[in-house]
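Chain naming follows the written order as A, B, C and D, and within any one chain the residues start at number 1.
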Amino acid sequence: MQEPAITEEVIEQHGLSPEEYERVLTILGRQPTFTELGIFSVMWSEHCSYKSSRLHLKKFPTEGAHVIEGPGENAGVIDIGDGLAAVFKMESHNHPSFIEPYQGAATGVGGIMRDVFTMGARPVVNMNSLRFGKLSEPHNQYLLDGVVDGIAGYGNCMGVPTIGGEIYFSDCYNGNCLVNAFTLGIAKADGIFRGYASGPGNVVIYVGSKTGRDGIHGVTMASEEFVDDSEQKKPTVQVGDPFMEKLLLEACLEVMKKNLLVGIQDMGGAGLTSSSCEMAGRAGTGVELDLALVPRREEGMIPYEIMLSESQERMLMVAEKEKEEEIHAIFKKWDLEAVTIGRVTDDGMLRILDGGKQVAEIPALKIAQQAPKYDRPHAESETQRARRSLDPSGIAVPDDLEEVLKILLDTHNIADKEWIFEQYDHMVRTNTVVLPGSDAAVIRVKGTKKGLAVSTDCNSRYCYLDPYVGGMNAVAEAARNVVCAGARPMALTDCLNFGNPEKPEIMWQFVQAVEGMSAACRALGTPVVSGNVSFYNETRGEAIWPTPTVGMVGLLHDVRRFMTQWFKKEKDALFLVGETLDELGGSEYLEVIHGQVRGQPPVLDLEKERKVQETVRAAIEQGLLHSAHDCSEGGLAVALAECCLTGPGPHLGAQVTLDDDLRPDALLFGESQSRVVVSIEDKDLDAFKEIANRVGAPITFLGLVGGKDLKIELQGRSLQWPVEVLRKIHRHAIRHHMTHDTLD
Amino acid sequence: MRFGIVVFPGSNCDHDCYHVTHHLLGEETEFIWHKEEKLSGFDCLILPGGFSYGDYLRTGAIAKFSPVMDAVRDFAEGGGLVIGICNGFQILLEAGLLPGAMKRNDSLKFICKDVWLRVETSSTPFTNTLEEGEVLRIPIAHADGNYYADDATLARLKEQDRILFRYTDIHGNPEAAANPNGSRENIAGIINENRNILGMMPHPERCAESILGNENGRKIFDSIVKHIR
Amino acid sequence: MMKAKVYVTLKKGVLDPQGKTVKHALDNLGFEGVEDVRIGKYMEVSLREMSAVDAEKAVTSMCEKLLANTVIEDYRVEIEP
Amino acid sequence: MMKAKVYVTLKKGVLDPQGKTVKHALDNLGFEGVEDVRIGKYMEVSLREMSAVDAEKAVTSMCEKLLANTVIEDYRVEIEP
């Protein structure tokens, strides 16, 4: 390839605005070379520079006594005691997955795992948060099938269990699916590695796959809206090689264990460019690389291409010269080639040579420090405001409420996700104490008595109607799920998926969501330790619903005290912790049964939320509960049904009486927050009530566990469903759509 | 007794097996790197699950050439116990130490879930603490567990009482609906003629302690220990 | 009955982890002179009797829709009488 | 450089789960007249210059040892100059 001249058109193709280009000229004091232009363009892309979001992300609380590393590194780190740390992060791979679902999702999983093991942690948990258009569209089936296959193909091969996640279907994702991947690893608390190119004179070592022309401009692609022909943007697709990554993982951990490194960073989006810039920038040093030494897969690659390639499964390491040989030997053992491609300098320059000839020279620190940062205009739109109005009197209560529950259990947002998680190895490493299928999954931490509970959550319909409340709810629900597994919520990572930030109404959604999330984080004591922003999730000007996904991590001091959501024992008493309010806005029920996406989403009283969580957690910790399940989509009725029909069985019914004068559909299917259904043995009732009293959480007796039916009495009506019938509907819905198979 | 766990590039259940034999059973256990050419002092070798060489080309196809495999063969010829679990089973098939071959699951999907297994024979070193007809709950996790053998081989396996486990329903009936992968005659595990090399797709090491809610798999390891002692 | 043969190969420049790993294995087995291995798919589609032109059209359309992933793969169709 | 083409197919009589699924999917997509689909592998092995006889011998040996599992698969080798 011939290097083109730097014209206005070329600058524009690189996504740099005229002002941004001016800034490049100021920093360099001259015209950039083509390679330099490429470097600036990726480093200042939305994806790498967070130029539209940085200002607002500062609002997140990021500190806490247990936080070892907050946002800014490759992943967040918290102290979990016993000398150990949990290292975790979530990241999006939306655009690549839409173009090539298998490889897009696979490389997303590969990328997030590198972010975690780059810090010295062994990945032990994967989760994924997915959004697609409705499955009635064959193309969405194709996307779901490929994405799940890709996640499984990569994660299973790596031997990292995928133990949880979430998935929703809505028309707004038709042209823009979301694939967010989460990884958590365990490291020694005093053995965390960071991406620092410290110590002038140290060597820079390249390991992993050879560099090809993969994904060049992938990062800028993630920062552009889809136009109709974006499916044509094909050659940039990257192919994952999980076997290579497994070798890299083992070799890197071995090198780290022997303490041979000064710094290390994976080559993710923007490959060699961002890893070298960031490592030098953090350490305040310079880095000099000779691209002629970089292992290549294709012929005739020019420096620009080598710097911008997004070939997967590559790492950049900095080490003292004396350690070089030992490092090479370890990689050799794993059949990997480690190649010294440069050195750390003291002049603060990112200097790129090609066989001795200089092709780029940029002050490393300035790329980051002087990256553009925008306070984009944000304002609520009229249509946005109008969505929140809802006149409940116009919504008739259906006559057949028994049928409504069946319909809700059959909707793909509520139905069993078994067809998905069955394709993921969720047991490898033999730590998974609570398998997928309950509110949160739990792993034990080998060598300790502890456990970790994890959950990802976001109801984007709420965020669409009121991003502030939706953001709060995402955090609260994730924490609540973790609490229902018996854990104390510790910290979270996020993946903020939004439309085009240059539109004031989208920017408004973003700002509101971040502020809502921040408020909930403060109230619940769960700082944000890492995260990712994905903008420009639009097709033909239509944005997705704002989807700020939360990945919450909780700690169990005694893993034997884990909790699951399903009923265990006949005659257990059923209680609702929390209160049901007269709320229909934003509910699944309102959309599925009445075809309306409107209204004020359920309010969240953070103080009450905290008390509900505290009560449930304390009761589990004291061994008082037999089950705990929070109410989310589909409300109390769906939550009760799930308590009956999930789990390994035998499946128990329940007799419930709801003494309340709310409208029956709100009572059954409204989605009031801060509610948890618990079951409890007679002998433990007093102790349980005592906790609720002390903490100040409202509790209501609902009825008893037992029998083969779920029966609900309310306002003189008596509703009844055989559990087996509900179970079949729930298990069948997604599987049948994807395989055309019927279950027994 | 002394267990050896062979580690191929891409093995990922090696540590899980180690956890069971060493930490739960308290037996001496050592990892064996696949480039090892000599083995001595072992009573039982485990070829663990995972994705040796990424399962590229075919499962187990490349691992069978690892230097250690000649030593494994010698060890088995000398009467030593060898157990291949999941990918380990696939490697044993490719290496010709067990008859037959693995195909893709009928669903073409990776499947991870608990299945029911009926114990078909207890007269092996791996099942001597189990009852014939006993039904075990043990998880599977594979994309290529669709066992194939031609009719003659199948007849021989049956005649020589070499089928150890079949996929069944909870009551021990080997129904088609209980077959998770399309395996011939619901076969989940087989043994060689000398009855010292076992290959099985399900993962006993994943259900050998109470915190994981299932200890069924432990009986297979207990059998091995009992046999050696 | 007639038969169509379909060859699906990875596009040039697209990483082929399988091919790479197999190449490495062949080297280790002592095969000399192997420079590269690329792994693709070979499919045989049996069709009821129709004109070669129709068959070619049908199978090409199958490739576009299902048999090949045209984002990263090329395909070639041969019709056998 | 020379190229060997290797075709690996499941033996006759061995059920092909992939082929069956693809056949089913083609039916669902509305393709008529598909009677059967069999899916195998197609590999291209690039070799340094050698005689066609040597190449054929080498690649056949590769197939026997690694590229095919002769318990369930057949293979065919073509040498291209």
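Throughout what follows, contacts are C-beta pairs under 8 Å (C-beta built on N, C-alpha and C of every residue); 3 or more make two chains touch, one makes a residue touch a chain.
If you're wondering where the values come from, they're calculated on a predicted model, not measured in any experiment.
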Legend entry - Those chains which touch chain C and also touch chain B: A, D
Inset, instruction - Could you tell me which pair, A-B or A-C, is linked by more C-beta pairs in contact? - result: A-B
Legend entry - Where chain A and chain B are represented by their mean Cα positions, the distance between them in whole Å: 36
Inset, instruction - Find the geometric centre of each of chain C and chain D from their Cα atoms only, then give the gap between the two centres in Å, rounded to an integer. - result: 9
Inset, instruction - Could you grab the centroid distance between chain A and chain D? Build each centroid from C-alpha atoms only and quote it in angstrom. - result: 41
Inset, instruction - For chain A, write out the residues touching at least two other chains, lowest number first. - result: 241, 243-244, 335
Legend entry - Per-residue overlap in chain D, given as positions that touch at least 2 other chains: 65-67
Inset, instruction - Spell out, as numbers or ranges, the residues of chain B touching 2 or more other chains. - result: 53-54, 56-57, 62, 65, 107
Inset, instruction - State which pairs of chains touch, listing all of them. - result: A-B, A-C, B-C, B-D, C-D
Inset, instruction - Quick one: which bits of chain D touch chain C in the complex? Just the residue numbers, please. - result: 1, 7-9, 19, 22, 25-26, 29, 31, 33-48, 50, 58, 61-62, 65-67
Legend entry - chain C-touching residues of chain A, taken from the complex the two chains share: 99-100, 102-103, 209, 212-214, 234-235, 237-241, 243-244, 297-298, 311-312, 335
Inset, instruction - Report the residues of chain B in contact with chain C in the complex, numbered from low to high. - result: 53-54, 56-57, 62, 65
Legend entry - In the complex with chain A, residue positions of chain C that touch it: 10-11, 13-17, 20-21, 24, 69-72
Legend entry - Complex contacts: residues of chain A adjacent to chain B: 149, 152-153, 156-159, 241-244, 246-247, 334-335, 421-430, 432-433, 444, 446, 559-560, 648, 739, 744
